[in-house]
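Right after this note come the structures.
In what follows, subunit A forms one complex with subunit B and a second complex with subunit C.
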Partner chain A sequence: MAAVAAEERDLRPWILLSPALTTITLLLAIPTCFVVVYSFWLRTAAGGEQVGFYLDNWIEVLTDQFYRDILFQTFRIAAITTVLCALMGYLPAYFIAFSKMRNKAFLLLLLMLPFWVSYIIRTMSWINILGVSGAVNYVLTSLGIVSEPIQMLYNETTVVLGLIHFLLPFMVLNIYVSLEGIDPNLVDAARSLGSTPFQAFREVTLPLSLPGLAAGGLLCFVLGGGTYITPLILGGPTDAMFANLIYEAIIIQLNWPLGSALSIVLLVVLGAVVLLYNRFLGLGQIRKGFG
Partner chain B sequence: MAQQANAVELHNTVKRFGEFTAVHSMSLNVTDGSFVTFVGPSGCGKTTTLRMIAGLENATAGDILIRGQRVNDIPIHKRNLGLVFQNYALFPHKTIFENVAFGLKYRNVDKQTIARRVREALQLVQLPHVEDRLPRQLSGGQQQRIALARAIVIQPDVLLLDEPLSALDANLREEMRVELKRIQRELGIATIFVTHDQAEALAMSDRVVVMSNGFIEQEGTPEEVYNEPASEFVANFLGISNLMSGSVEDASADTVKIAVEGGPHLLAHPREGRGKHKGDRARLAVRAEKVFLAEQHAADDDSVIIDGTIDAVDYQGQAARYFVTAGNLSWQAVNPIDRHPFHEGQAVKLRIRAQDVVLLDPARSGNGAEQAG
Partner chain C sequence: MTKMDQTKRYERLLERYKAGDIDRRTFLSLIGASAVVAGVTGGPVSALRRQALAAKPDSVRFDGWGGVVSEAFRKYAFEPYEEATGIEVIDGTFGGADEYLNRVKTAQPGEFNIAHLSGVFDYVRYHNLGYSTTLNEDNIPNLQNVMTALQEPFRKVTGGRLSAAPYDYGTTGLAYNRDHISDEEMREKGANILIDETYKDKIGGWSDWRTRIWYAALATGQNPNGIEDMEAVWDAVRAHRDLALKYWQSGAELMSLLAEGEIYVTEGWSGRIAALQEQGHNIGYYDPPGGFGWQECLFVIKGSPMEACEELLNFMLEKEVAIAVAEGQKYPPALNPQKVDLPESITKLPAFDPTGTLSGLNFADPEYWNGNEAEWSKKFARVQRGY
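And now, the complex of A and B:
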């Protein structure tokens, strides 16, 4: 009897997970296997594909310094973006979490609002703001501050700007969730024991919100490190990120085998980041962030 | 001691949240070393009052004094208070040692002294060997002891406890009650204890402050508020009372005869200013455990004996609670059981002694009585 009951208990999570697992298997795991297989094919000069087991793509990807440089650049841009998102995201998250306003839900809705507009359109909007005929240049030239419009777009800074625009809500939400979970009595207790508001923040609120900060950081880094649209729209010719190489190989050159090998490199590298993160910080917070 | 100093004084303290007044002009003294309990139903303003004293809420009007100094404008971290919460509020990311040492860090105490005082505090709460653990590794009762240690280690001027025992299970609660009282006595620290549990209030306090709807209903020793409830609310909130209305039929210097509406005549001792004159309206309370039931009572001058019938019995082991009909009135009586309780339908006699009939202040009758219990 007891054994049967235990067995039933063990099965239940799997039954509940099965739709998700099926979807992931069909749409993610199997296609990924195809990509792995592709990466060992070869693209012929004629533009066709040579089926077989060739290591040429892999040798190119793993030995060419160019790919390593771009990977490093990708990491740098993603890291800068993540740090800036953390710095810029904490304050709004703190404000929403501890605001005495009754319509906190409304503030959260405002935070979600950007998601209603396509990410591409949001990114392109920067062209209207910072472009040569954009709003900022219009103001500067009409006020006579500059005689010629300034070229502000198409460099690493604007790529980071676009990424922050894209990723900040994820950071704010994650920090918000962990701040929201902090018992307000803890701060009151710290204050009653003699700490100033800032000391109480440093000793209690900040350390207890670190899991959310870490989860938001991971999301920003992985999403930022895997994007190609932002550098495509807002970056210059030298500001490519790794995913741009994949885009270039697959969409422009139609070189699927090389693109596949590059995809797997990015997948493995970002996957390794996630695993390392999980090892040291735990991912429980991310689940909460979406809950 | 020429004059007892006050640890805390409230002078006409008011707290409003927007239009809503949570605490109405409240005045109160808490003398040094005494144990004062705020008791009242949920929402009556106990926590708000405590938070104003702590500095977590600003008083809308009135003065708050701690050790004679007005503290209205002094922020919480400069008030030197020990605060204990219902949910313990230990810092989950800090060890027990770090939790208890927290307040000492801000008091220019050197490392050795901190270690010594933390150890002493942990000994006082009888948990000497948990310094290196995290709060979640302790049981609820242990966590509450640590919270207490953290509050007293800073040698606060006043200890403020907001329903500190409510989260504990019944057995542990009784144990902690005794323990808390022992520690408070040992340290001689002025303490304000908030609870909605009347038994806790009566058992622990030097003085009880009964509150309802943001007002103080009555303040006094546990015996005073229990035996001499000033209002219907207090009579009902602390234990079970039989409440009646009537009018004074005959008043002499030491005994008043009252005609109860729809019932018998009762004798009572006059209270100051109440029920002195013939024809005065009177509101009476008789505690359930002062309604003595027997098959036969010997008559005497100072009590009234009434015939009744047992309607229902609520057996409680050492005592029983009876619902008794006598004439048009229903009574509740809680009597110790001598071998067998009375049974339903049994004819009994109720004996009501004059000393047990409390004349309530008719002006305050009905005030907040709906909230009782």
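And now, the complex of A and C:
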């Protein structure tokens, strides 16, 4: 009887997981299989698909320097964004975590506020800030600091800026959760043993918060690497990321098979980053980031 | 459940539908649900679906560009149509013809009915993908008021018949900020102004590969409908890319870039530039020799309830409706000015042709451009990224 009861208990996690597993299977796994199948088809002259098993798209994607260059550019922009998010996000996270304010929840709410506005609207708001007729140029010209408005928009810097605007809250939240979990007695112990505040931070707080920093970094990198809206709105003619090529192949060129091959490449490459993270740090850190 | 069982089930369902026990929407839902359950996609389901779609529908779906055009359609065409027929018009919008085509490709037949498409180019694409229909022109008497010059290109594509009603036309000309570029300079430089280093970082351009190639052809002194030196054209596209601040993606972005002074010159859509001028911006518009003319149409997509769609097209081609829409979007209507009296608000619009022949406009040869679409669109994706 005891053995049977134990067996029944073993099924419970699966029963509880089944809605999520069913959803993931139906909405992610099966569609991904379709995308893989599509990648072996060919685009017809009319913009339809020639069904079959052709390696043309894969040969093109894997051997063409163009795709490698854009992939490298995507990784470079995502990496720069991630590093800047980490540098800019640590301080606010530290402040919120160790603040003596009564309403920490209010600070967290402020952090979540940007999510109440559409990502596209948030990105477009930079046009009103940095544009030739935008707020910054207005102030600079009004104060006589510059005689002509400065051209600040539509380059890689503004793409990175837009991505930071989008991703910074993810970084702050992850670091905050990590810092919040640190036992304050450890810092006190370090101080009582003679370390300066900075030494205590460097030897105790920072190492213990690294998992949160890494989890935030992973989220920022993966989300940044998969974006295409930001370069469209804030980038110049040559500022593109890999997802823009997928958009163009599918929407503009009506080449779903090539777009599918490109999608799989991006999925695999970003998936590899996640696997690497899991190998060295463990995905459990991300769960902490969501509280 | 055997296939025979399913057929009987569908027949019973059809009988109930014909007897009025269930409405059309419920009927379609039930056979759709049955098909999903049984994993059936052909045979009796498609036969019954065809019958259901051929019956008088509850609604017709129209997809267009939104904004003032949509408002004009709603007020002057859809509401009277709904009152007269009892058929609801579901008004959808899209951001571009390419995006919309992808939606149609992934939809079930009959899901999308009428679309406000751009150019003969799109007409050919939809036809080649098997989405064209044959309009019964007897059901669209207002088609007689539409310029023959706008109908002929469509008829050539679909063997003399029409799958769409021409609706309006315009040009993609050169738009420029008069505070920085004079009318004389614009006329002197023409399309070459888009690759003039004087205006580096103050030049814009549509991200559309056709427009980029068209204007590069003009800048290199070639006929856009018969380019001989394609390498020279790509070099001109690259030169423009290196001087341009931004490729714009939509009419709203075009207007914003010009109005805010981010760019001084770009090619632009005649209607959008007219709207900017009306708002008081000091923006000039110039159609250079060989400038880009195009037309828009109301395309009926395969699988649609034809009679209901034809009736709606006739409403939309009514003089009052066509004029109201034209005033809203600032593109001249397809109505022949030799047959229909058009008010000054229309005759003053950019690109308006009082002769009704459109002989002054240079349209893209659909055969030529569609024949090169796959290669050129792909190559442009690389060139615009710095290759």
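Keep in mind that, in the parts below, the second predicted complex is superposed on the first by the 291 of 291 C-alpha atoms of A that agree within 3 Å, B and C clash if a C-alpha of one lies under 4 Å from a C-alpha of the other, contacts with A are read in each partner's own complex, and residues count from 1 in each chain.
As a working rule, a residue touches a chain if its C-beta (ideal position, glycine included) is under 8 Å from a C-beta of that chain, and two chains touch if they have at least 3 such contacts.
Because the structure is a prediction, the values reported are computed rather than measured.
With the C-alpha superposition on subunit A as described, subunit C and subunit B fit side by side in the combined arrangement.
Of the two partner chains placed around the shared chain by superposition, neither subunit B nor subunit C is touched by A:Pro19. When the two structures are aligned on the shared chain, A:Gly52 is found in touch with neither subunit B nor subunit C.
Applying the stated contact rule after C-alpha superposition, one finds that A:Asp183 touches subunit B and leaves subunit C untouched. In the superposition on chain A, A:Ser133 contacts subunit C only, with no contact to subunit B. Touched residues of subunit A were counted for both subunit B and subunit C, and C has more of them. After overlaying the two complexes on the shared chain, residue contacts for A:Leu245 are found with subunit C alone; subunit B is out of touch. The superposition-derived angle at subunit A (between subunit B and subunit C) is 150°, Cα centres, a multiple of 10.
When the two complexes are overlaid on their common chain A, residue A:Gly144 makes contact with neither subunit B nor subunit C.
Between subunit B and subunit C, the minimal CA-CA distance in the chain A superposition rounds to 47 Å.
On the side of subunit A, the complex with subunit B involves touching residues 183, 185-186, 188-196, 199, 203-204, 207-208. Chain contact summary for the complex, subunit C toward subunit A: residues 96, 98-99, 101-102, 125, 128-129, 201, 205, 209, 241, 244-247, 249, 256, 260-262, 373-374, 377-378, 381-382, 384-387. Those residues of subunit A that touch subunit C in the complex are listed here as 43, 45-48, 66, 70, 127, 131-133, 149, 151, 153-154, 232, 236-238, 240, 245, 248-255.
Note for the complex: subunit B touches subunit A at residues 54-56, 75-83, 85, 87, 89, 91-93, 102-103, 105-107, 150-151, 154.
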